[in-house]
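Chain IDs A, B, C and D follow the sequence of writing; residue 1 opens each chain.
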Amino acid sequence: MNYNETLKGIYPPITTPFQNDELALDKLAENIQKYNQTELSGYVVFGSNGESVFLTSEEKLILISSVKEHADSNKKIIAGTGLESIKDTIFLTNNAAKIGADFALIITPSFYKAAMNHHAFISYYTAIADSISIPLIIYNVTKFTNVNIVSETISELAQHPNIIGIKDSTENITQISESINNTPDDFVVLVGTGSVLYPGLNAGANGGVLALANIAPNECLQIYNLFSEGRLEEAKEIQNRLLPVNKAITSKYRVAGLKAAMDMLGYFGGLPRKPLQELSLNDKKDLKTILEKANL
Amino acid sequence: MNYNETLKGIYPPITTPFQNDELALDKLAENIQKYNQTELSGYVVFGSNGESVFLTSEEKLILISSVKEHADSNKKIIAGTGLESIKDTIFLTNNAAKIGADFALIITPSFYKAAMNHHAFISYYTAIADSISIPLIIYNVTKFTNVNIVSETISELAQHPNIIGIKDSTENITQISESINNTPDDFVVLVGTGSVLYPGLNAGANGGVLALANIAPNECLQIYNLFSEGRLEEAKEIQNRLLPVNKAITSKYRVAGLKAAMDMLGYFGGLPRKPLQELSLNDKKDLKTILEKANL
Amino acid sequence: MNYNETLKGIYPPITTPFQNDELALDKLAENIQKYNQTELSGYVVFGSNGESVFLTSEEKLILISSVKEHADSNKKIIAGTGLESIKDTIFLTNNAAKIGADFALIITPSFYKAAMNHHAFISYYTAIADSISIPLIIYNVTKFTNVNIVSETISELAQHPNIIGIKDSTENITQISESINNTPDDFVVLVGTGSVLYPGLNAGANGGVLALANIAPNECLQIYNLFSEGRLEEAKEIQNRLLPVNKAITSKYRVAGLKAAMDMLGYFGGLPRKPLQELSLNDKKDLKTILEKANL
Amino acid sequence: MNYNETLKGIYPPITTPFQNDELALDKLAENIQKYNQTELSGYVVFGSNGESVFLTSEEKLILISSVKEHADSNKKIIAGTGLESIKDTIFLTNNAAKIGADFALIITPSFYKAAMNHHAFISYYTAIADSISIPLIIYNVTKFTNVNIVSETISELAQHPNIIGIKDSTENITQISESINNTPDDFVVLVGTGSVLYPGLNAGANGGVLALANIAPNECLQIYNLFSEGRLEEAKEIQNRLLPVNKAITSKYRVAGLKAAMDMLGYFGGLPRKPLQELSLNDKKDLKTILEKANL
């Protein structure tokens, strides 16, 4: 099966709404219903912005189920079910699959950083891919893991029939290009952050999983569509306009900032879960200015 | 209660024995019975060498229960039950307490590295300490987490009645000294690796949780006892003799090396769990030479 | 003056030829004469591959003078004359200008890393730009300096009439885009490594200073020219073919590898200066295979 | 010759006084005359706090000459004359020796970080030690260089008759211990920062080169002397009292802070040279409070 066609496009790694530090499923439903109106290809539940590390297994399954319930039937559901433990990952992934996850996004294990070499990654991903009932997408996000899965390893893993793609959140355009060059044509490469959407598409990426798509789905889609139509200068212009916004929600103010921006732009963001801290009033003002400058 | 007296001394962060990648509880029992013959103060289940990240919750509880069963009644059981999720941490810790854990060793959360500031740590540790039934020991291990909990934060957390100490695995003697200087007298400071045992004791630490104590418990105890008796030069001599061994099992060959060394020295080590890789034959030879040079 | 037009195109940061660890000016002349046959826009003397840190001031001036002597008159000479000391930098730059340097490439100071903030960079570059007789190009190369000059600072420095551009060797396409977006139109942005030539041109860069251009000047020029003609797919194809070569000479085998590759491809490379070490025979074989695979 | 005896004790890495950004030799003389009243073993000219990277070669020689002129005859002069270039280092060192430097402190080369392995360091230090007229002390200061010279390399270099010691500024007590254990008895090990003075002496170090000794020479000497007399608890008490001061002048406020503290405590500090920035008023207030709390 050629997943290039199935998986192409733009995905928001959706945030997890909390009220009083507990899941707020009604707010999740409202957000999803808004996103359903767009051409977004689907939803990533538990990308790095989903605060999945702060959720129990039960909460994770409830969320996946809830997203499935409210998502339009043509939207793909990608669930971030990777954990350090191979057993836990297989168990959680297969449960997620039963309640609606179409694809599993599996983050690189990273606790024993110095030991996470080629052989360890091959061992980890092969064991999981062999035992899960949905296709596996590798997730490389060095800023959170401090480990990197290199091109040679990706290239070998891409031979596995159940490992069908990678979400690369390194912002390293060379590495993204290598992932594209050194894997079969039907291996899916999604960039993992808005700052490299346009460069990534230029390099041949199939789309992106973008925190930015939580607050500016249509602008992200415009970049994607303009690029597809060969209207490069127009695509680049929007990309450049959004760069400061992307920086604000991913590196300057991060999850708390992304959620605050959602509140400012008509979605439900709310507060991050403990121990993450709310933005200060000053930071919110600064964030608002950044959004306004980008015409959001 | 003054935990300085209760908790002082030497603890091995015990390894988790596997056979065919599954728990080998009989091997665990054999190791514990050997350690019971020594003056070790107790056992740390799931320090960083326990491969806890590769275990399911069920496996963790089975292990704690098994350690409790075989440990001499005077040995303290410290369980590493910290997880990113506050809810999960409380749940696991309270279950561990029910089956025998005396103290909870709670690693700093670290996924959202850039957000793990003073306020986040205060929020995290306070929420947990408020809700668990056993005393909490902070666990700072930057080489695995890439975050550091600084002296000012430790100092504030030490005011909490249920936060009673820290295991500091940074090898940073300045920071260890600050933890001692800036906390109440009854706050327990344990060094987290053999390389800083002697310097840590000199700085006023109460003892250590040492991978080294898995393979050389008596030598570690000798350093501790000689120091306590004021026989500094003799303590230092053993410390220096063991430095290359400590380096081999913690940074050069890590968990796989520690387990291989256990096998060489009469304990059950076995293989690490997937995705960790076995040592090569050459590495094992080198390790053996290092052990021999240190007269182990 | 609009330097966009003057400075556009491809530059090799030429290596410094040594024989018996001393300058080999005749070999330099031979290399330059070969490069003169190409459409290269000029020569960067003392980019990071020029081993300038191992040269005395006298040797640096001799080299610049020698490059000037042999370079075709239409080739621009960019001299890397930046040093930590403002005084030394001004002195060396003005001497370099007298003997033929057209532009000064000034690396960020970096010894006191933690102090190299916005204010320090503004102070440093302003003091130098005010006092040198040729235009200044900022040089940002985090892999050697471990400091980064951010977009906000570049944007402010770009207002100075004698600061006319930047060579950005970070491989960070987002930052390269920011440098383009946040500076006046006539501010020159050159990418600093072959891996980001095609992405950089897509982002609007004016060209590149590429170690790769020392061994494959015509291929680099092809990428540039094809891109300029809008033949993006062809440009990308060559870029992708050269990625493994670029990695070999910049990160895997570095200066010693670049020089060995020059020897393999008809230029004079020779050995790096002490304390840099020659490649092993095995590494040379591997390098040769990489070059052959890329049809060089 | 046994340099252990000759070189033992406490040294300040003296700061370089500037007025209007130019050398202020009279201020230097005043500081030296004050330090002459103490039991300091000598002066390190151009440790990392000497801002040597901002000085021309001529200024460096003037400073060494001036320190020599004003220093008591029993004070050793250690000059930081290491540069990336072997030629430059030999030339500067031999000139420094002619005008009064007794020992050369040679920082690890670090520009080509990835290439600075065992062989490169052996090549570098051997070439220099062979050609300079005064004994060489290795200088390892990872926070500025981002390279580390490991125990195995130090051990081999210690065999060279003209390489007589190391100043280790890593704060890594394990590495300091290794340098002591793995070198001949007459190899000198000086700790490079006040935070590890007491732990370093405990490990067997011969003394220290301490920024702290610029502002609190007598307190540093007290730690050293009390330790030598076996009055460990008293030594440790002073050490602990000074820890926050050491942190303020080395990591929080660095060179500018050290100089401000000198001004507060009766020495001439003045401003750092461009591009380093003066402390803000608030930072000065904070620094003053830190000094007062430590009874300085």
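By our rule, a contact is a pair of C-beta atoms (placed from the backbone, for glycine too) under 8 Å apart; a residue touches a chain by one contact, two chains touch by 3 or more.
These figures come from a predicted structure and were not determined experimentally.
*Asks:* Of the other chains, whose C-alpha centre is the longest way from the centre of subunit B?
*Replies:* C
*Asks:* Between subunit A and subunit D, what is the separation of their C-alpha centroids in Å?
*Replies:* Going by mean C-alpha positions, subunit A sits 49 Å from subunit D.
*Asks:* Compute the distance, rounded to whole Å, between the mean C-alpha positions of subunit A and subunit B.
*Replies:* 35
*Asks:* Is the way these chains touch best called a line, a ring, a star, complete, or other?
*Replies:* If you draw each chain as a dot and join those that touch, you get a single closed ring.
*Asks:* Considering every pair of chains, which are in touch?
*Replies:* Every touching chain pair, ordered by label, is A-B, A-C, B-D, C-D.
*Asks:* Within their complex, state which residues of subunit D touch subunit C.
*Replies:* Going through subunit D, the ones touching subunit C are 48, 53-56, 84-88, 91, 109, 111-117, 119-121, 123-124, 127, 143-144, 146, 251, 254-256, 274-277.
*Asks:* Which residues of subunit D touch subunit B once you look at their complex with the stated criterion?
*Replies:* 171-174, 177-178, 181, 195-196, 198-199, 202-204, 232, 236, 239-240, 243, 247
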